[in-house]
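Two complexes are shown next, each including chain A; its partner changes from chain B in the first to chain C in the second.
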Partner chain A sequence: MERMISETSKWFTPQMLVAFAIFGTLPLWLEWVGLYSYIGLEVLIWVIFALGFNLLLGYTGLPSFGHGAFLGIGGYAMGWFQLNAVPNLWLGLLFAIFITALFGAAVALFVSHRRGIYFALLTLAFGQVFFFVASKWTTLTGGEDGMLNIKRLPADFGFVSFSLQDNYALYYFAFAMFVVTVLVLWRLVNSPFGKVIKAIKQNEMRVGFLGYNVYFFKWLVFTISCAVAGLAGGLFAMAQEGAYVQVMSLQWSGIIVLMTLIGGGFVSFWGALIGTVVFYLARDILGTFTDTWLLWYGLMFMVLVMFKPEGIAGMWQDGVKYLRRRRAAGTPPVVAEPARD
Partner chain B sequence: MAIMDFLFNLLPHLVNGIALGLLFALIALGFMLIIGVMEVINLAHGSMFALGAYVALVIMSPEGGISAPFLQPWFGIDIIPRYVAGLVIAPVIVGVFGMGLELCLRRTYGKDPLYGLLLTFGAALVIEEIIRIIWGHGEYVLPVPKGIRGGFIYADLIWSNYRFFAAGFSIFMIGLLWCFIEKTPYGAIIKAGAHDNEMVRALGINLPKLRLFVFAFGTALAAIAGIIMAPIWGIRPQVGVDAVVPAFVIIVLGGVGSFWGAVIAGLMVGMIVGLTAAYYSDWSLLSMYLLLLVVVTFRARGLMGKVSLLER
Partner chain C sequence: MALFEAQKVHKRFGDHVVLEEINLDFEEHKLSGIMGPNGAGKTTCFNVLTGRYKPDRGRVVFDGIDITGKSPGAIAKMGISRSFQVMNVFDEYTALENVLLPVPEVRRRGLHLLYDLANDSESNDKAAQVLAKVGLAGKERALASDLSYGERRALEIGIALAAEPRILFLDEPTAGLGTEATAKLADMVTRIKEGITIVIIEHEMNFLFNLADVINVIQWGQVVAVGTPDELRANPWVQASNLGKLA
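What follows is the complex of A and B.
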């Protein structure tokens, strides 16, 4: 692993503070660079989802090809709770997280004994099952039309209550969730638990020989990842004011894999974040020039898998390493001026 | 008597299911050939399936999206030679696309098989977008010769001619493929390549060439399946996903590397989809996944699977 020991024991790192600073000030300059408030919200929610997903793909080496289903389940759980039980934001979010984690835990029982391609295929199958059930069970989910009229309930702290109707208000609510998610996941991947899952990625059998219950760890990491997906799904349902089945489709489950990989989820915690931002920027910037932006994005992805599967974060790390090596070698970057007498 | 009536009512659905199952098996066999020899899950298989149908459309129909003036005399001739020409030429063209994809895949050999899967997923996106650019979002209908169009009435039920043609053609193709793999020296090399790549290379066989050929062959099979399936499913850009998902379900169900496992699993999937469609048409595709989950829970490597390199 590239990370330094001293860095892993910290609560905050420079990269983390940079990420917080960028996303924290986003509403101030988003419209100035020609984007709109909703895109910031959507990116932030997908970043939360991708960070949770990367726990599986990047850290444990488990390629889930059905993760979009859990984002969808989170949204439906949020909506159902609000429309049929208690209209309360906190309870709704907790319910979304809990239900999604529950589904994730059930699926994980089946898939935690698998690895590699078989894991990918089984998660794909489960994802399709959920997609089909969600699109056909119209009385519960609204089917193809989606679950409509999900409200952005106010964030009530007892003594003070914030309305989240405005996109920026909801953005800052999502930002708070993002900060919490980053802190929790960062602690998690740098804890002894994180060491075990990274070891599982490298050699599952050897971890088993060391006495760890590999299947339990894989089950747990899948469930945690699904819980994060549930949080993101709940937020997404609020952002869209509805829960729709499209995110559960195979295509979106694949796109989350693309995002995480392009960003460099295999080599960096921040790969998932970078990849999500790049995806949305590509969609909005390429999308203004051409209707077929997915073609160019797909080609970019193919080139990246062929030549640099470590993604953008991998290129960054290579660059940093290159600069360090040059400095260590003592070769000055520019030709030294001849000494004057 | 009631039970006989019940079985008799079931008969058309059973026939539909078998026809569907044979077609599924045909899709899956091309998919399996590529997994077997190259250890690549080709997620672009469905896109190649769709591409085959579109290319055949251009050859067979004057309303195929692409019209060139010099092709006009060609559409003057009878549909039967045009149909046969499409059935031969389209898979060849798609096979060339497959070769291109294999050349891209070369950089992922020797790495985690996940990279191959991801690369082909990207390729699937790209091919689907190319199809959208050339042919648009609309649905096309593939013309078929008069002899296999329409239907006939037997025992007060309407039977579609085309389903029988599709089933027969699939049996023919599956038989041909079996003969090719089991009875020819080329088949022996392919099987050996699936078993032990290094030994094949040590025996002086040009492995890159073999892989190029197998990939082209597998994608050409996808294209043939796409052409045969087109009159049943219609031709849409997203038809590729409808094809690749059953293909992988069948491979996992039948077991990676087993020819007859894939055929049996294809028939099982076709039957269960066909029968559930008779009663709960909305849920017919779900039955396939439930079957997969039940089988794989009890038999991790599918019905007839052997230990595969992909498990690492």
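What follows is the complex of A and C.
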């Protein structure tokens, strides 16, 4: 008897191991290729954020244009807890995740009954509300100056404690969070829940007629995505040793959409990761040649949308299909065949 | 008592009355048909009966329970399933994944965030059996978007059938099909009608008259005739109309 795509039942896939190997060894070769330790940390944190965001955009087809707000809320929650409650890394991160999920759940109550442009505009509006509140509520957030003096607290395991002061130490802590996030999200998108949200993206009305509560699923996926944003926000506040309002702006909410689409979040779990890496490489490599790097990045986005809306992951998949066709036709493939996703 | 009843159901859009106090009874394990000319209100009737639209007046009763105004999801969970005239399959999913989603066990586990669906052999077997029933054995791994028009029509019905409904509503299942494909579909409906109550809206009169136990004729939002195919053929109103010529 036939089964569903069997690769999805695996906890670890070749692509996952490649991603873990690349990011796990990154500190060993990052400076050798002319980059610096902080960018590795920043990329990894934004990859976590993007993977959570892709749950919404790529998997459920819900375009949130205010998601940067939740990254910011995570950062403020982490900072507030550390500065005003308990200076503990684990509790601080859990608090950041919980508070951001709470805000996300509240917003989702309003947006989950909408789709398409109405969903997008509502998330944009909520994002702007949070941005302005964070900008003006200086006693809580520090306003334009930001919430300063957030510490990189040690990772205390009871019997042993690791300092996270060094960028690479914090990088490996973020890497551990990245591994956990990937494993959880991978299982999530391949569970019945994942199948339902992907079906919602394809045909929301039909899913309702199959007996699923579509609004509840949309609410839940929005909340989970915000919880992941809270984790990324907490890590970002540690990395920056402060929480700042800029990430909550419309610009950064737009950039996470660009990252996800350019990478190919609509067709691959890894699209969000690819898009994030491409964005930071464009910023740091193109940025060394020209101040107008964002213009070129924007043009790249336009070209992709016009000619290959499935993004870089879509191009990769086309290449794999081409090699498979060649193999089927009896021509030996030039390179080893990568797996499907 | 009928398994499913519409009692004096009334539906209007603005000034336009689409359904006017209609009464319908669908007996258990029977295949009932609804026919009528374009614009008669057939699809609106299905949409009201299956929860897409709320009626302005009247009641919809399933197995003695008033389901008027309930959401499509709530109605589906009670064992009422439907297909659509305009195809609503999941193009990015394989045929097997399309019919896995409505399987009741999978639906019950819809919120199991870490459950491995690929290794659920019971649900996978059920889904494969449904595909075989609608004539799509061997197409399990084919993407829905790669199937032919006729196969997609069959898949549309398979999705509705996989929910293991007590009553299955099929909205113009032969729409767009040629003679040969329509004949195949008739064979398939004959296969699946055992042990299940089916209601079909259909334009293709021969298809309906050959399959249905009872047919309701709707015209101008009202039920104008009810009977077996033979009774309807003898009905003076049906004979006088274009429907009579087609039947």
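Observations, loosely collected:
The rule is short, and it goes like this: the second predicted complex is superposed on the first by the 326 of 341 C-alpha atoms of A that agree within 3 Å, B and C clash if a C-alpha of one lies under 4 Å from a C-alpha of the other, contacts with A are read in each partner's own complex, and residues count from 1 in each chain.
Just so it is clear, a residue touches a chain if its C-beta (ideal position, glycine included) is under 8 Å from a C-beta of that chain, and two chains touch if they have at least 3 such contacts.
Keep in mind it's a predicted model, so treat the numbers as computed, not measured.
Look at A:202: by the touch rule set out above, it reaches chain C but stays clear of chain B. Using the contact criterion defined above for the overlaid structures, shared-chain residue A:124 touches chain B, although it does not reach chain C. Contacts of A:258 after superposition on the shared chain: chain B is touched, whereas chain C is not. Shared interface residues of chain A (contacting chain B in one complex, chain C in the other): none. On chain A, the positions that touch chain B within their shared complex are 63, 110, 113-118, 120-122, 124-126, 128-129, 132-133, 136, 250-251, 254, 257-258, 261, 292, 294-295, 297-299, 301-302, 305-307, 309.
Chain A meets chain C in the complex at residues 1-6, 8-9, 184, 187-188, 190-193, 195-196, 198-199, 202-203, 205-214, 217, 220. Put simply, chain C touches chain A in their complex at residues 50, 52, 71-73, 76-77, 81-82, 84, 88-94, 96-97, 100-102, 106-107, 109-119, 121, 124-125, 128, 140-141, 159, 163. Taken in their complex, chain B has these residues touching chain A: 41, 104, 107-108, 111-115, 117-119, 121-123, 125-126, 129-130, 132-133, 241, 245, 248-249, 252, 282-283, 285-286, 289-290, 292-293, 296-297, 300, 310-312.
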